[in-house]
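Shared chain: chain A. Partners: chain B in the first complex, chain C in the second.
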Partner chain A sequence: MTRTRKPGVSRRATLAMMGAGAVSFATPWVARAQAKTIKVGMPTILSGRVAQLGTSSRNGVMLEVEKVNAAGGLAGRQIEMVIRDSKGQPQEAARVARELVNTDGCEILIDAEASSGAFAVHEVARDLGVLCLHTNSETSALTADPKQHIPNAFRTARQGVHDSIVGGSYAATIAKAKGLKKWATCSPDYAYGRDTTGEYVTYLKRFAPDIEIISESWPKLFQPDYTEVVTKILQAKPQALYSCLWGGDLTSYIDQANIYALFSQMEVFAVNMADYTALTVVKNLPKGIHSGNRYIKTYPATPENAAWGDAYKAKYNEYPTNWSWENATAIMLLAEASKKANSADGKKIAEALRGLKIKSPFGADGTVTMRAEDQTLVGYAIGWGTTIPQEPYVPQVQAGDWKTIFELEAEWKKSKGYA
Partner chain B sequence: MTELQAEQGAQALEVPREAKTRRNRDALIALAVFVVLALLPTVFSSKLLLDFVIRCAAYGLFATSLNLLVGYTGLISFGHGMFFGLGAYGFGLMMQKTGVPVPAAFVATLAITLVVALVIGAICVRLKEIYFAFVTLAFQMLIHSTILSWVSLTGGDQGLRGGIPRPPFLGIDLSNQLHLYVASCALLVIGLFLMHQIAQSPFGYTLRMIRDNATRASFIGIDVWRAKLTIFVLAALFASTGGIIMALFVSGAYPEFAYWTISGEGIFINMLGGVTTFLGPMVGTVLLLILNDTVTRLTDYHGLVLGIVILFFAIGLRKGLMDFVVEWYAQRRNGAGERG
Partner chain C sequence: MDLDALTGCLASSACLVTQTTSGFIIGMLLFLVAVGLTLIFGVLKVVNFSHGAFYMFGAYFAMTAYQFSGSFALAMLCGAAGTAILGLIFERVFMSRVYGADVLMQLLVCYAFVLIFDDVVRMIWGPEFKSMGMPAAFQVVPLFIAGGVVPPYYLLLIGVALTAAMILGLGLARTRIGKVIRAAAHNPGMVSALGINTGLIYGGVFALGGMLAGLAGALAAPVRSLTPGMGFSVLIESFIVTVIGGMGSILGALIGALLIGMIRSFGSLGFPLFTEGLMYLFMVIVLVSRPTGLFGKEVA
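After this line comes the complex of A and B, so read on.
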């Protein structure tokens, strides 16, 4: 019997496949030619232990992008977000950032990476010259160090040194009033933990020179068991404890320290407590923990902030995080700068961003400013208060004074050789 | 002289000539591959492709050098990533702190790697199997911890910041992506060529013998310890070169480069590509990077997809892709021979 059909792929099938291939290759080009959208790339961490950083950053961004698009977009161009996971690896962050710009045609980058990833994306921005907004890295050096400075990169996040100045002065007041002389610290063992604690102690001693640090603990990042740390602190018998543990680490720490009734034996200052990621997860939130505000919808106590927090909760069924407001601010600033420049061009937006002051639910006085000299965010709400076990969790927040912050920040820059 | 001895003598003369022609052929292939790679950007203007090949060069050198240990010598190193990190940090620091020309920093980085690998290797290669694996892992974590804690030099877990300066030399400007691409291709091709020569040399066959039966090797007068140490150091040098390419690509160095996950990726690449063929790890590299890049584009659950792929190779094929292809090809040829 003769075979009528040869095995393998027929000519007709080959032609069909080639046709399909050509169409699928050509489609993006057609789409791009018609597109009036502006693509904004966003490398962030969407997997692993800190995936919440990525998801809540994404939520914060999308909430604002929808508003901007409804109002006509960036200079008439609708924003299209391209959000991609870097797995928290700096080399992946750099690769993804390059891919977003070079292949996906993104004209602006929102760098929602943490720590080292942000520095990797910063180098990509330096290399490609694309407008880049760092939204999550709070490492002061990213904008304070003149070696890092490039005209196309901005930061719309808090800055470590601001937190330390406000935290230090707040703690010193309490220390003087209550006579807290013996202090202990307990912070995660990596750059953020070490730097933040160091700066905090510096400013605490500056405002209250007679305090002394009698015990230091450096648990590993993501350590599951804190028994040893808790008992060490209890044995040292300090009058006050400072910690910059955050997220899941902070909540496990509190749950475990509660067993030893640690919180009734000393004043505790935990800078990252007043964030819903920690407040809503802790089993028995002790009363009276001093904390800096990260994001809380009752501070600033304005209708705008409360409305923003509620809108977020309504849309995503969870409260915003510190990362959410920082990322939302990036989009708010972009929209305003684009309006001012009447353009969606990265260079023109960058020009308009320098020194730009916008109305913001997260501002200490209802506004935030993109400081021109080092292209970082200032004027955001920053303050400390004490916790209660139920909503609103931190009823009274004492505002930090931005005038003092600016003075001490300038001094700090000089001491570091940055200014 | 007996007839047998004469024949052996003739063979001994024959072998180097054969080896020489093979070396020439390898060199020609390497040159051809390099020319093709170097001409790619003139055909495809995609910057993604250039980035991809640069990363392939970095990981490819790293994974192939790991295969010299795992596949050829039977030394399962869990700490090979330390040399990748060492290369990245050594080169980055040299360029940032001293401002020497790029080639000088390159050579100096390799020299540092050589010394470190000699010290670590001298301790590790005495051990066997699981003990070797774990002591290399321990050294890797030691280097990783050093990078993390020596903040004043390495920047701690923020990595080397501020970019790696790269003054142009001999008309090559590595801050230009195209130049970096061609340089990475050159390093990759030269590296693979050299490693292939090592694998095909009598020394390479000594390594295979050690892998299969170390006791026998030592009984016929081979200094097993020295041979293992030599290949440990050589592999470290190529891994370090991979690290240098990566440092140039991201314009920085990060502690993750020296973390055990990089070693793990190297092992995974070897599993994926196969350890019985020389090009297996290179194929594995291309495969893993394509998988990684496309899957991360499509879904946030890339871990799940990659895990399934590993399971498929480990349980389904029970070998790497190249092993599978080579066997399949051999079977097909045999089958055709029987029928014909």
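After this line comes the complex of A and C, so read on.
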């Protein structure tokens, strides 16, 4: 389609000039001269089935950016977020990331992609050398594998192997106490489902060697009906069931398993249950499902964490997700590192980030640390508990022990040839 | 492959009952969607790729009605009636314009509406997934028949779907309207020449098809999560059903849907890693041996 433009100044241009004029009159000259903003680019998933998580990532970031800007920004420079939709496609995430740096002039990247996209953005960061914080990818290899290591990329998310160690040891304790020997698994049939279930079972068996997996189900991702999977598990008569289904798949599964009274016939361990997106949607949440914490404002049970959850709810009218805290942490770390380096320069911030320990509402002991050796977040709150159908949903969370996590993680790295 | 589990199940009455009902549930919901698809194709000669959207709307209408009224019956009614009206409007305003057109044109219009309808749902109900919740009346202990587990809600679901199948089959075969519809499918020009309003029949058939898919969505709403785009996976399976059963055949849709249900149900025991593949494999076998489907008629 072609459009003919009339000569002279267009209405839009006039409006823009008037706007600019109004701003320059309203803003004091001095303030404008020194406050050169720093642009931070953020590719994330804002459309499609997991758009809710991308939105919650953006919310988590914006909540913190406002605080940082109010306190003076990064070394005196106000943060300007440039957030773009990748539609959850890796190639699009890479393209958007590159464009954010090359065309929009972003000096830092917050990579709020799922694992598939994160590896693509990681390559862009490797290529451009720009400071990049991965906020959502929990796939262990992203930081654990030395081949992936670059000095300018960090991860502020939890890590799959940490979850599996804590989940496995928690489940093993319960398995021993209740004599749960026969287990079944039911997880979505793609990389995350397969890897996470495999690692979980490894650690479960390590802590409780006499456990036997008698049935495995691998429903498709986003499968609408799980009836055949539910009845198959009922036939196998396991004493316990593990699942890493998540989001709408998990709530469908619960609704469908509920009418078969599955939850009264076995102990259920669903790592992704204790996330508000799932907890608040399920109408008939069975009591006593074991779950890992994703984000829950009552764990860690500190006033800081509760206040953060409430502030988020007040602003966005919904509770934060697992991705919200991971993204908020990225901004908190950036702000601290910039303060320490007294600079907004990516290289100096990266230097300051290595080994940086900050106060955090999401820390197991009130702090989180950016571990220097593999540039990934440690010390965050990680634990398991059982659900109840109303707030606080998971009243008692049993904390994971970071000492054990570190030991077993080191061992795991060795077994993978990473260390 | 786990043939021991399959033979073990076939030998035990408890397992047989549980898996058979499981197959029925999957099959009957699929039937309701597929029969609308096949009906619309049989009469209008249009492959309605946007059919899954009616399933989605049925679920959302039911959920909203249930939230406002708390009545399960009203929710089902709203799901079915709402999609019937939607189907009628969609047919009269848009689909009726492309009847004579190229298949690609029809496909394009339908696909456009798949995207439009998904976005409409996103605008009205939001992008996040929703759950309707099981009505209190059905939150009961499942029945145990011959040792097998049968949830009461699923009995209702199977009953409703079977009733719909019977009314539809008898209605088309025995009533005057049924005869007119069949005649319109066969020779619309002649029916029109006899002074019958074919536009009304086309609209009515589309509305009926939409209503059946909407009813399926409404019945599924208490047990499946609701998301924009939820119609798509159901649509694909419905196509498999119609291909197996034969395009345009109601009995074919019923048998095809039940076969798919049973394949999923028993296949997940015997071939846990190949359940999906089994479905397609079966379709291929049918297509090779009977290209028009099990109950399809030769196209002249």
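Keep this in mind: the second predicted complex is superposed on the first by the 384 of 419 C-alpha atoms of A that agree within 3 Å, B and C clash if a C-alpha of one lies under 4 Å from a C-alpha of the other, contacts with A are read in each partner's own complex, and residues count from 1 in each chain.
What we mean here is this: a contact is a pair of C-beta atoms (placed from the backbone, for glycine too) under 8 Å apart; a residue touches a chain by one contact, two chains touch by 3 or more.
None of these values were measured; they are calculated from a predicted model.
After superposition on chain A, the partners chain B and chain C are accommodated together without colliding. In the superposition on chain A, A:403 makes contact with neither chain B nor chain C. In the superposition on chain A, contact is made by A:102 with chain B only, not with chain C. In the overlay built on the shared chain, the residue A:261 is in contact with chain C alone; chain B does not reach it.
Of the two partner chains, chain C is the only one that A:283 touches; chain B does not reach it. Of the two partner chains placed by the overlay, only chain B lies in contact with A:94; chain C stays clear of it. In the overlay built on the shared chain, the residue A:36 is in contact with neither chain B nor chain C. When the two structures are aligned on the shared chain, A:116 is found in touch with chain B, with no touch to chain C. Superposition on chain A places chain B within reach of chain C only down to 6 Å, the least C-alpha distance between them. The intersection of chain A residues touching chain B with those touching chain C, taken from the two complexes, comprises 47. Per the touch definition, chain A reaches chain C in the complex via residues 47, 49, 51-52, 55, 216-218, 220, 222-225, 227-232, 234-235, 247-249, 251-252, 255-256, 258-261, 277, 281-284.
Across the complex, chain B meets chain A through its residues 46-48, 51, 55, 148, 151, 156-159, 161-163, 175, 246, 249-252, 254-257, 293, 296-297, 300-303. On chain A, the positions that touch chain B within their shared complex are 46-47, 84-85, 87, 89-92, 94-96, 98-99, 102-103, 115-116, 119-120, 123, 126-127, 139, 141, 145, 147-148, 190-191, 194.
If you check the complex, the residues on chain C that touch chain A are 5, 9, 15, 18-19, 22-23, 25-26, 29, 127-134, 138-139, 141-142, 149, 151, 153-154, 220, 222-225, 227, 229-230, 233-234, 264-265, 267-269, 272-273, 275-276.
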